[in-house]
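In the two assemblies presented below, chain A is common to both, partnered first by chain B and then by chain C.
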Partner chain A sequence: MAPLEPYEKVYVDSDFLDEDEDVHGQISCEECHGGNPDADTMEEAHEGVKRDPTYPDATKSCGECHLDEGHPEIAEKNGTNLHISLSPFKKKIALRANPDSTVGDTIESAMGTHCMTCHSSCGQCHVSRPASVEGGLIEGHLFQKTPPVETNCTSCHGSRVGSEFHGGNEGIPADVHHLEGMDCKECHTGDEMHGSGHDHFDRYEVTNRAKCEDCHKSPGSEADEEAAKPREHPSHTIHQDKVSCQVCHSVSYKNCYNCHVGKDTAGMPYFKTDPSKMDFKIGLSSKISEKRPEEYVIVRHVPVSGSLFDFYVEDALTNVASEPTWKFATPHNIQLKTPQNESCLSCHGNNDLFLTEGDATSWEIKANEAVFVPLKPAPHVRHSWLEQPELHLAKVDCLTCHDPSHATPVEDCMQCHEANTILATDPDGSPDYSLTNWNFTNRELIDKDIYVVGSNTIPGLDLAGILIILLTFAGCAVHGTLRFLCRKRK
Partner chain B sequence: MTWNRIDVRRVLRFFVVVAAFAMIFLITPRYTYADESSCISCHTSTKKLLEVIREIEASNPKIEASTESEGEG
Partner chain C sequence: MSEKLYLHPITERIWHWIHALLVIVLILSGIQIHWPGSIAILGRFSTAISVHNVAGILLVCDFLLWLFYNLISKRVSHYILRREDIHPGMIVQAKFYAYDIFKNRPHPYAPSEDNKFNPLQKATYFNFMFFMMPLLLVSGILYMYPLHFSSLIAFLGGLKVVALFHYVMAILFTAFFVAHIYLATTGHTVFADFVTMVTGYAEKEEH
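Coming up: the complex of A and B.
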């Protein structure tokens, strides 16, 4: 994001005063910002001016009109807007904090100087850049119904979400949704952005949050719509409600470590974090609920550390290990095909993908106990009951035995090794489909992007081959016979 | 009835006045009292803003963010 010149930050476009361009221009400046327009000097004129009259309380500035008309539904619930309240920040630090109230007060003060400055407000989304990125009016004070992505969404959500979504991490492609021309608002609607009306412990608990299923409906879902993209791949049936979408469709993302805050000799606040690391880890969900039933989720390392507030007070976070440092995450770098969804064995048995004790420093082991994945034996060990496990794993597709349409996997050898083998049936078990049919190709399977057990047998092709061979022999025989009969006798 | 020269002048003068008012109301942007304020006269003028900011920067050097910050926020 290009920085603004100082004058650009406060330059008001004269279009703002045109009622047809922006009705807010009809309100006098001092009514929202205060100050004294009749003063003789600039200093006097700016005395008491509020740079952002919408923070922390927008009731007077925005609410005066928007509570009764305009968007009352927004104004009413805006107190629960996490962009303004940063409520989960405080609650999570409180869980890790020293229970001593004096220490608690110091932490709160330090958070006010550092963490809580990364908030937004009505104005800092719709009128200016957020103050945490040095502010500055966007579009000369003309109110923006939808905040611009670059200056207002990714100016704050840039180093992780922004880089992931726009392909800013070296070697990692941009999110497919971005490549399709979508931007933040396509998923994160205004309704979600303005709060849910409830105070939440965690942003993932927000009831009106964006969900993949809003567009990608579950198979058989009543909510299926024409525009919805159905999820027909058998993997969705197998993993639904067990594994989050990102586990299969996300790629490496940024993880942050070891944040410290303090003030320099001039009294200016600073933060220091260790270099970020690109990584991909599947962990256990610490927040399984009816709406998020998945057991396996993506986890991202957050930069919290026990010495975070040491500059202000030692032993501030005595309970730092009470919460995981690898947190539930939804990286914004979604891909249709990823290394882990190439095949079943890309994930099953690939222990490097899973979060284990080896990924944690000594003090973090206790903190992350609940999210570490207990490693299971390698696939060939788990299939050791088979006569030749390696051969089966190499030659037989997993779905042949682990058919999602069956309640239990195939464990009887004779189900395959007999004349009426299940290998000759459709992987979905559909009775109206046979792999020995008159169709020339597997297109009906390939088009649906579903697994093809093996080459099908095409009776038409077989018949044509036999006919060609028979006709060749018949032609030779007729030719020989005719030559014999028509031979010239000497 | 015939029109004398004075009548024609009066009618023309009337239309000129009406046209002038129409020009004022239709073409001029409908600014409110806000455009009369000193806030507007300064904040809509790039020239004035540049002058003022130069003066401010000369007397009060800009306070930069701490150079001790490291890593990604």
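Coming up: the complex of A and C.
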């Protein structure tokens, strides 16, 4: 995001006063910002002026009108708007914090200096850039019904979500939704942004949050039947409610480690983190609920460490390991095809994709016990009941046996290894090729480069083989009979 | 009392019967594997595969032991055709099976301790044991470990080619097995050669 010149930050466009351009221009400045327009000096006139009259309480500014007109409850519920309250920060730090109340007060003070400055407000979305990115009016004070993405969404959510969505991470493509011309508001509606009236623990508990199923139809989803994007791949049926969408459809994303906050010699607050790392890890969900039933989800490392507040007080986060450091995440770099959805075995048996103890530093092991994925035996071991498990895994499409339309996978060799093999049926299950004909090769299977013992018998060759053996028997029988008849009688 | 010839030392007899047992097991399990929907001699398909694999590995070992034994002991000479075996030996022996045997005439090439096989036996055993058996076993090994030998299998034309070759070899060996058992009844009595293959001794035939 390009920085603004000083004048640009405060320049009020004359269009703002045009009623047709912005009705807010008909409200006098002091009604929102305070101050005294009748004063004789600038100092007197600006006394009590609020730079952002909408923070922290917008009921006396926006709420004066929007309580009744058009957007009832927006201002009233503003206190539960996570962009404004940042209440999840406090709650999550509290879980890791030293229970000593004196230490708690110091942490709260430090958070006020650092973490809690990253809030937004009605004005910091609809009129200006957020103060945390040095503010500045967006369009000469013209109110923006929908905040611009670059100046107001990714100005805060830029390093992770913004880079993911726009393809800013080297070698990682942009989110397909971005490439299709969609931006934040297409999924994250005003309703989601404006607070629900409930003080949620974190953003993933917001009930009207954006969900893939809002557009991509799935059983039980509320997506419009006609507008819904089809999800024809059988993998969806198999993984429904077990695996989050991002597990298959997102790619490497940024992980941050070890945040430290402090102040420099001039008293300016700062924070430092270790270098971020692009990684992709599937973990167990700690948020399983009726609305979010998936067991396997993407997890992102959050920038926390036990020494986060050491500048202010030592032992601030004595319970830092009481909560996972890899957290449920929804990377915004969705792709139709990803390395992990190339084939079943790209994920199943690919232990590198799963979060395990080996990914954690020593103190994090206890913290992430519930998130680590217990590794299962390699696919060829799990399929050791098969003869030639590696060959089966290499040559047979997993869905041939793990047919989602069947309650249990095929575990009977004979379903493939006989003339009436299921391999010779089309996807609808209807045989389109008869193995009882006299063709020299089993075309359908051979075309797929499959040789299946028992189902690839060649009738003509079988007949020849049987004839050779029968003729041998017959020759021996005739020869023996003649010998018997010609035997020397004693 | 007729003179006894010691044709088959104990090593050869043990080898022979192990070999025979393995061949029978391989033929039966192979039939079930080839026609799994129709024949269930050994129960489950997977059982037939396992039995076939184990018997196949044992046959490879059994064959290699036989090969080294014959090469080191120089008893391989029993399998080598001599000039006179080719002509007139093979024709004489063929004529015996086709005609003389019905006239109750004696074997033209009665076994001796230095030369225990007749010319047609030599030709047949040599081809089956030194040429076709290695091909059968190699095709079976490729078939058993297709991923380890994927490059070689691809060079040969794919697994289906290996499978077809193995199958054709199996048919020929099965036919040989049938003929071998029948021809074993053509000794001086029907069971004489079977007894010899157990005791090692044969009665010296009078010419």
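Simple rule for what comes next: the second predicted complex is superposed on the first by the 410 of 490 C-alpha atoms of A that agree within 3 Å, B and C clash if a C-alpha of one lies under 4 Å from a C-alpha of the other, contacts with A are read in each partner's own complex, and residues count from 1 in each chain.
Note that contacts are C-beta pairs under 8 Å (C-beta built on N, C-alpha and C of every residue); 3 or more make two chains touch, one makes a residue touch a chain.
Computed from a predicted structure; not experimentally measured.
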Which of chain B and chain C A:G480 touches, first, second, both or neither: second
Which of chain B and chain C A:T273 touches, first, second, both or neither: first
Partner chain in contact with A:A2 - chain B first, chain C second, else both or neither: neither
Touching partner for A:E390 - first (chain B), second (chain C), both, neither: second
Which superposed partner A:L461 touches (first chain B, second chain C, both, neither): second
Chain B versus chain C as contact partner of A:A407, first or second or both or neither: neither
Shared chain A contacts, counted only where both chain B and chain C touch the same residue: none
In the complex with chain C, residue positions of chain A that touch it: 385-388, 390-391, 394, 413-414, 417-420, 441, 446, 449, 451, 453-454, 456-458, 461-462, 464-465, 468-469, 472-473, 475-476, 479-480, 482-483, 486-488
Contacting residues of chain A [partner chain B, same complex]: 6-7, 10-14, 17-20, 25-30, 33, 35, 37-39, 42, 45, 118, 159, 254, 256, 259, 262-264, 266, 268-276
Contact set on chain C toward chain A in their complex: 33-37, 44-46, 49-50, 53, 97, 101-104, 146-147, 158-160, 163-164, 167-168, 171-172, 174-175, 178-179, 182, 185-186
Parts of chain B lying in touch with chain A, wherever the complex brings them together: 29-35, 37-40, 42-44, 46, 49-50, 52-53, 57, 62-73
